[in-house]
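Two complexes come next, and they have one chain in common, chain A, joined by chain B in the first and chain C in the second.
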Partner chain A sequence: MTSGLQILILGLALGGVYALMAIGLSLTYGVMRILNLAHAAFMVLGAYLAYWALQILHIDPLVSILINGPLFFILGIVLYRILFVPLAGRSRYTEATLLLSFGLALGIEGIMGAMWTGIYRLANPSYATRSLVFGSFYIPEGQMYATAASLGILIALWGFLQKTRLGRAIRATMQNRTAAQIVGVHVERISALAFGLGMASAGVSGSLLSFLFPFFPGKHWQWISILLSLVVLGGMGSLIGTVVGALMLAVASVYVSSALGPTWSPATFYAALFLVLMIRPQGLFGKREV
Partner chain B sequence: MTLLDQIRIATPHRLETRSLILLSLALVLFLLPLLQVVSDGYNYVLHVLMVIFMYIAMASGWNIIGGYAGYTSLGHPVFFALGAYFSGVLLVYRGWSPFWTAPIAGLVATLFGFAFGLVALRTRGPAFVISTIALLLLAQLILDNWEWVGGSNGLSLPMIGWPYRFYKIPFYYGMLLTALLAIWVSYRIRHSKLGLFLRAIAMDETKAEVAGIDTRMCKVIAFAISAFFAGVCGALWGYQQTYLRPTIFLTIGAAADLVLINLVGGRGTVAGPVLGAALRVGLDELVVNQVGSTELNITVTGLLMVLIVLFFPGGIVGALRERRHLPRLLDWD
Partner chain C sequence: MLILEIEEVSAGYGMGPDILSRVSVRFEAGLIHCLIGPNGAGKSTLLRVIAGLLRPRSGRVLLEGKVISGLRPDQILAHGICLVPQDRSLFPDMTVRENLLMGGYIERDQRQVSRRMEEVLEIFPEVRRHLNHRAGTLSGGEQQMVAIARGLMVHPRVMMLDEPSLGLAPLVVDRIFEAISRLKTMGITVLIVEQNVRKGLAYADRGYVLDMGRLSFEGPAREVMEDPRLQELYLGRMVLSNREVQG
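On to the complex of A and B.
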């Protein structure tokens, strides 16, 4: 049995990574009302690329962040232009994008299965198996680097959204698309940018995933439901809510894992999702949709 | 004037040509197992048709919530598994035949769907699909770890006691009846007030609510009814397979099948899922069983889904209707 403080430390460290994984989902939903069910599939794809980079080119997963980020950003903008722009103006837009991204997720899963087979993979950089000990507490070294990288990227994103014109335009579009358009925001361009950023977050967190959690092509369904659960808890379309939801559920899942065994830790997220839908369907920071 | 027109005029109750053709088709399907009784060698045909009936029943059921109301569910494999395990456990531990526990399995699925729907359908929009994915994964986790029903190894069921030559026939009739019931229920809902409400919800839920429709109850009832058919099919299919294992029922791929069948045929139409199911199983038999299944099958499913959403959103029935070429034979709405 692990002590309460140890659970809190591990949970918060994990939550930082979850927050980075989910922030892109929240961003694309907030800006465009696109629920990207393929988000986690791209994340696992990013993990395979990082795994490859380490095995073949000996590039450390923490360094491959710098490759995956721009790569997935461009991929996101291309996919947005080709697949999602033609759907604009459909009467049931969110639903159409949902089915589209569902198809996309299946497509990627099959391709990954064909390329890398269904066996479990885990990248093993030198720090993956070491732990740092502080007094009576410990933290896996890889986890610490991943959390530090996540926090760095999240803070950079926050700075971008708060301080730059483009960032302000993104936030304005999230708050009210029509009003943003009226005051001169080019919402189509902003949407493409937000989708690219969302995909970049998937690619970047894929690099972290590659050495933190074992993965195989079909694993992305578990990831997408974990990430969506914490997005719903935080309130769909609220970025700060996503971060808070990630930290809360990560701590809860570490606790469940130590009490009932790691098999049941994903169940924390599903149970939390049903509880949120029962008690406060709009989530912690969400607005009730009229 | 064609012969069929003459029949129509001559028939006192104006039995339509369309109904006549469909009724004779049903009659042929009902009499088909006689071939197997008379001479062996038709088990394969019966099996393929049985699978088509199963997909018709499940896809028509899915269409009630996913098509009419426009709420995509990826959780239907859970109801299928629920039905399979309910009847399977009663067979193993009590010796009760799934042929009569299947309708009860359907009702259990309905009850469970109602309860789950009350929670998951409280809000509007995409929270529902998220909760159905979570339900599927949670059910996987529970069945994998629940030793009483066999855990991840599954549960072996006793074989049906019929001679090999005839053993497909009861399953064939079971699925046929379920499929016909599903089509009939789908048709009746399409032409009822509930169906009207559901379509209003699909078009604009806010306006539907303002117009005084209890949107939540409508969605929950539609979801519960649609769960029934997955439950019945699961009970029959599990018995037919003679073993139950979480991985053969509870996959996103199985959920994707139901979505794709509806997208291909035409979501929100009565005939759409029927056409889609026949195409799905037919192509599977013709192509996949020849070429062999690979990891890329799921990619084909995914790409088809993307292409249909982009270029063909109404499916076959929808596209034909838009061009005013929909034959009366397929116009069941």
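On to the complex of A and C.
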């Protein structure tokens, strides 16, 4: 048995990374009502790019954040323009985009499988196997860097959304799309920007994923399930809710893992998902759709 | 001097029927215009068409002789036409300050926006004490004031208000209309859609009566108020709907 405080430390550290992984999913849903089921597939793609960057070019996965971020941002904007814009104005836009993103996830999985086979990969930078010990507590060094990077990126994103003109426009579009149009926000352009940011977050999460968790092309299904459950817990489209949901579920899963064994840890997410849908379907910070 | 001309505009939503059918109206600069008419007459739709939120199926909208129909909402806003819609359309989770900043969104220079916000707060001092409150927590009347103030952020030449008195207590309604009169003294052309016919026409210079997607008649507000056709329109409709209920 691990001590309660140790579980909390590991859980919060993990939760910080989960929050970064899920924030883009929440942003894309909040701005456009697009539930991007391919989000985790892009995350795994980002992990592969970080993995090969380390293997071939000796670029540290933490440094590959600087490559994956802009790369996936541009990829996101291009994909949004080519695939999602033509669906705009459909009466069943959300359903159509759900199917589209599902197909996208399958496509990316297929491409990754064809190029890099189905074997497990895990990037192995020097710090991946070390742990930092503080008195009676420890934290894996890689985990600590990943959490610090996640928090840094989340704070930067928060600052952008709170303090800049474009960031405000994104939040405005999330809260009331028509009102945003009325004050002159070109909502299609803002949507493309939000989709790009969502994809960038998937890309940079991939860099962290590459050395934290073993991955293979089909792994994204498990990840999207985890991410969806914590986004639903926080409340669909609520960014603060996503962060809180990520921290709570990460701590819970570490606790379950320590008490019942690691095989039970994924079940935490599904149990939480069921509970939320039964008790408070709009999530902790969500609003009921009218 | 004419500022806005609506020429033979037809419009509707999705695959639905025409809500406006070949409407032609002209609005003069610097006056308060009040659009009245029964539910479904197309008053709000006309404002949405002018604001660019809805594309007309045919016809044109001209601002000082230049065609603006077909432009995007942000482009029409940049021409100085702003809309305060029926639901006020504030950003509920943002503070009043952020709502005002969003009102100045199309201005990229943030110093200009701050300067303009100060000017707007001088025109509407009652908004100042709510600056740090979340817009969603304000009362209906306060939200309406913020919505008008937000519209002013773009130095509008035309301000359109869709049922500004909706759901407000009579005393608050007076305050809102008094604020609308202030817009006129600033040289802004005002278009109001109003269910509260008496109140709307009392503050307006001209009245326009829409019915079944067409302009029924128009004239100086006082004359429209007295016009027997107005009584007929509202009363006639009521008798008809009563009969429908009974039948």
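FYI, the second predicted complex is superposed on the first by the 290 of 290 C-alpha atoms of A that agree within 3 Å, B and C clash if a C-alpha of one lies under 4 Å from a C-alpha of the other, contacts with A are read in each partner's own complex, and residues count from 1 in each chain.
The rule is simple: a contact is a pair of C-beta atoms (placed from the backbone, for glycine too) under 8 Å apart; a residue touches a chain by one contact, two chains touch by 3 or more.
In this text, all values refer to a predicted model and were calculated from it rather than measured experimentally.
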item: Touching partner for A:Lys163 - first (chain B), second (chain C), both, neither; value: neither
item: Winner by number of chain A residues touched, once chain B and chain C are compared; value: B
item: Touched partner set for A:Met236, first chain B, second chain C, both or neither; value: first
item: Chain B versus chain C as contact partner of A:His58, first or second or both or neither; value: neither
item: Chain B versus chain C as contact partner of A:Trp221, first or second or both or neither; value: first
item: Overlap of the chain B and chain C footprints on chain A, listed as residue numbers; value: 91
item: List of chain A residues in touch with chain B within their complex; value: 29, 35, 37, 83, 86-87, 90-92, 94-96, 98-100, 102-111, 113-114, 117-118, 217-218, 221-222, 224-225, 228-229, 232, 236, 263-264, 266-267, 269-271, 273-274, 277-278, 281-282, 289-290
item: Residue numbers on chain B that touch chain A, as the complex places them; value: 70, 72, 74, 119-120, 122-127, 129-131, 133-135, 137-138, 141, 145, 202-203, 206, 252-253, 256, 259, 263, 294-306, 309-310, 313
item: Parts of chain C lying in touch with chain A, wherever the complex brings them together; value: 14, 51, 53, 72-74, 77-78, 82-83, 85, 89-94, 98, 101-103, 105-106, 108, 110, 150, 154
item: Chain C partner contacts - residues on chain A that touch it in the complex; value: 91, 165, 168-169, 171-172, 175-176, 178-186
